[in-house]
Amino acid sequence: MDQATFLFDILLPALMEGLVITLQLIVCSAPFGLALGVAVATGRQYGGRIISPLCKGFVYLIKGTPLLLLLFILYFGLPSIGITFSAFVASVIGFILCNGAYNSEYIRGALMSIKDGQMIAAQALGMTRSQAIKSVILPQALRRAIPGLSNEFIYLIKYSSLAYMITVIELSGAGKLVATKYFTYTESFAVVGIVYLALVSITTVAVNILEKQLAVPGTVRATAAVQL
Amino acid sequence: MNNNDCVLRVEDIHKSFGGKEVLRGITFDVRRGETKVFIGPSGTGKSTLLRCINQLTLPDRGRVWLDGEEVTNSGARINYFRQKIGMVFQNFYLFDHLTAVRNVELALLKVRGMGKAEAREKALIELRQVGMEDWADHYPAELSGGQAQRVSIARALAMDPDVILFDEPTSALDPELTREVLEVMKRLAREGMTMLVVTHEMGFACSVANEVLFMENGVVAEQGAPDLLLRDPRFTRMKDFIGRLDDRPGD
Amino acid sequence: MDVLSILIDWFPYLLSGVTVTIGLVIAALGIGIILGLPMAIGQVYGSRPVRSLIGVYVWFFRGLPILVLLFLFWFGIFPGIGLGHLPAFIVGAVVLGLRGAAYQSQIFRGGIQSVGEGQMIAARSLGMSRLTAIRSVILPQAMRIALPGWSNEYPNILTDSAVCYAIGVAELLTLASRIVAQTNVMMPIYLATAGIFIILNYGGLKILHGLERRVEIPGFGTGAV
């Protein structure tokens, strides 16, 4: 069969199905990854003698372990001690943990960059520490963390491909299956690559727009938040 | 043109930045051993003029000759000319990753191709000339402004230039540190170095300059020997400017 | 069967995977510098076409997932140019290296651009050519500035090396899965593997931090002019 038929009748439909799965993975992971990042960062920064080291340890463990190994543990390892997740759920859990750990580093950096005066002023007004964190510190910190958080989001888009290694047929898995069946490796993976590049580029542009919208008037950034 | 006595000839230099003409036809000669001082309001292109001479900034129009050879339009030969034209900057621009002595010897090694021992020896000699040989192994970050500037003078001297251009050498220094640098410069002038100096330091100008050139609006408005300029009632604009300098509070 | 004795029996095998993993990391860092540094210089000092070309390279290798790059090169490109017989390790090393160069070139570029412009001006005023100035004045400073950022690449490359499992490179994760398949012991093996990765990670970082301290210059990097 000729290139066009292959492309439009076989490859693209398969890739679109895979893309749907990829998007589902991302949509399920991102919000919780962000929440986990906030929780771990604030826990590490403001937590007591127990919570803070726990958060620190969590981050060290996750950052020091390959995501793929983490996925293997969640999908292949846990069943041996009685916990079974579906492949999709195991992937999402892995992504949330990984995304959360890296997010927490960016948020922690942003938290540390907020001047002490902000917390002092809030407490002077009668706010408890948690209120101050929620209403004064975090809103500023999260804005400052946008460049880092969006970088991590882009990484999430890319490492969602690892779900294929634990049998989830997302975008790259779909591409491989077609490639193997029809012996069209270079072409199939090239198209898969193009789809990822499109995803990443669109996200980059969207994030830069978002940052400009959310910026506090008077704070100027020299360069765009995300540069690919 | 090929006058042995004339080291540097600058002819009709023009330069614009973004529509604004900063230099509008500067012409002068510098004889061997002369010290010429340029003064004038900020933004009149004095620094730009110096940079046009060694082509760090390319003039829109005009030519420069060093010892009879044309510096402008010389293509890759500009590197050769820059060896013979020394430059000292307001912000020193010492190489931060090198000690003082290595700052001075770097160009000797890389540009002149000197041997290590020879370069080191010459570098130490120049540092001694500016009184910094005890600080040879210190990094720029460990030096005061005045010390750093003296090292940068040594660095320029090491190349045995025909002329040295000083671009507001003491403007970034505290008053106490200014003196040590001016002393070095005065000694150089008295020992016969050919120098072009852009500065606000009138005391320096009066003591060692052969000629003072007052620049305003991109041209040389008034020029003459320092004592002449100060005494002759004709040079009103320059005297006004100097008067304004003296009125600065805290001076 | 006693889990502990299984662990002990298979540990040497597992460790042999460490050598391959370290080999991948060194290749990635090495190719990353060899390609990345010239690319960074090209992006800062090069002409427009050069800058665009490098920009496209960086966009491509940073925009694609490592898994897709490995598949593309292992199944498609290498066989396509007649190098299909090369072992997976070589392909993995090349892919990690090309990708590493894309990331590292941006780190080096940041370093070069952080060097104050006065440094180049002073160098050229002494008669140095552009190339000599870059080599003797700009790069020594740029590399020191870039060192912390470059060290941060190490954990990324280490964890990315595990993805080479997908093309069968006999690195640490691959060997761990083989042991699991053979012995049916899962969590202890996986956790031991995770432990080894963590040790490699923080051990490597310690070495890099030591390197940073060794090339430190008093007062450098704090507002250089």
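Structural remarks
Think of it as A, B and C in the order they're written, each chain with its own count starting at 1.
Please note the rule applied: contacts are C-beta pairs under 8 Å (C-beta built on N, C-alpha and C of every residue); 3 or more make two chains touch, one makes a residue touch a chain.
Bear in mind that the values here come from a model prediction, so they are computed numbers and not experimental data.
Taken pairwise by the contact criterion, the protein chains link up end to end in a single open path, with no chain closing the loop.
Note: the chain lying farthest from chain B is A, by mean C-alpha position. If each chain is reduced to the average of its C-alpha atoms, the one that sits nearest the average of all protein C-alpha atoms is C. Between chain B and chain C the centroid-to-centroid distance comes to 46 Å (mean Cα coordinates, whole Å). Each chain gets one centre point, the mean of its Cα atoms, and the points for chain A and chain B are 56 Å apart.
With centres taken as mean Cα positions, chain C sits 21 Å from chain A. Against chain C, the residues of chain A that register as touching in their complex are 60-61, 63-70, 72-73, 76-81, 158-162, 164-165, 172, 175-176, 179, 185-190, 192-193, 196-197, 200-201, 228.
Listing the residues of chain B that touch chain C in their complex gives 54, 56, 76, 79-83, 85-87, 89, 91-97, 106-107, 110-111, 139-142, 152, 155-156, 159. Looking at the complex, you find that chain C touches chain B at residues 116, 118-119, 121-129, 132, 136-137, 140-141, 144, 217-220, 222, 224-225. Within the complex, the chain C residues that touch chain A are 58-60, 62-69, 71-72, 75-77, 79-80, 155, 158-163, 165-166, 173, 176-177, 180, 186-187, 190-191, 193-194, 197-198, 201-202.
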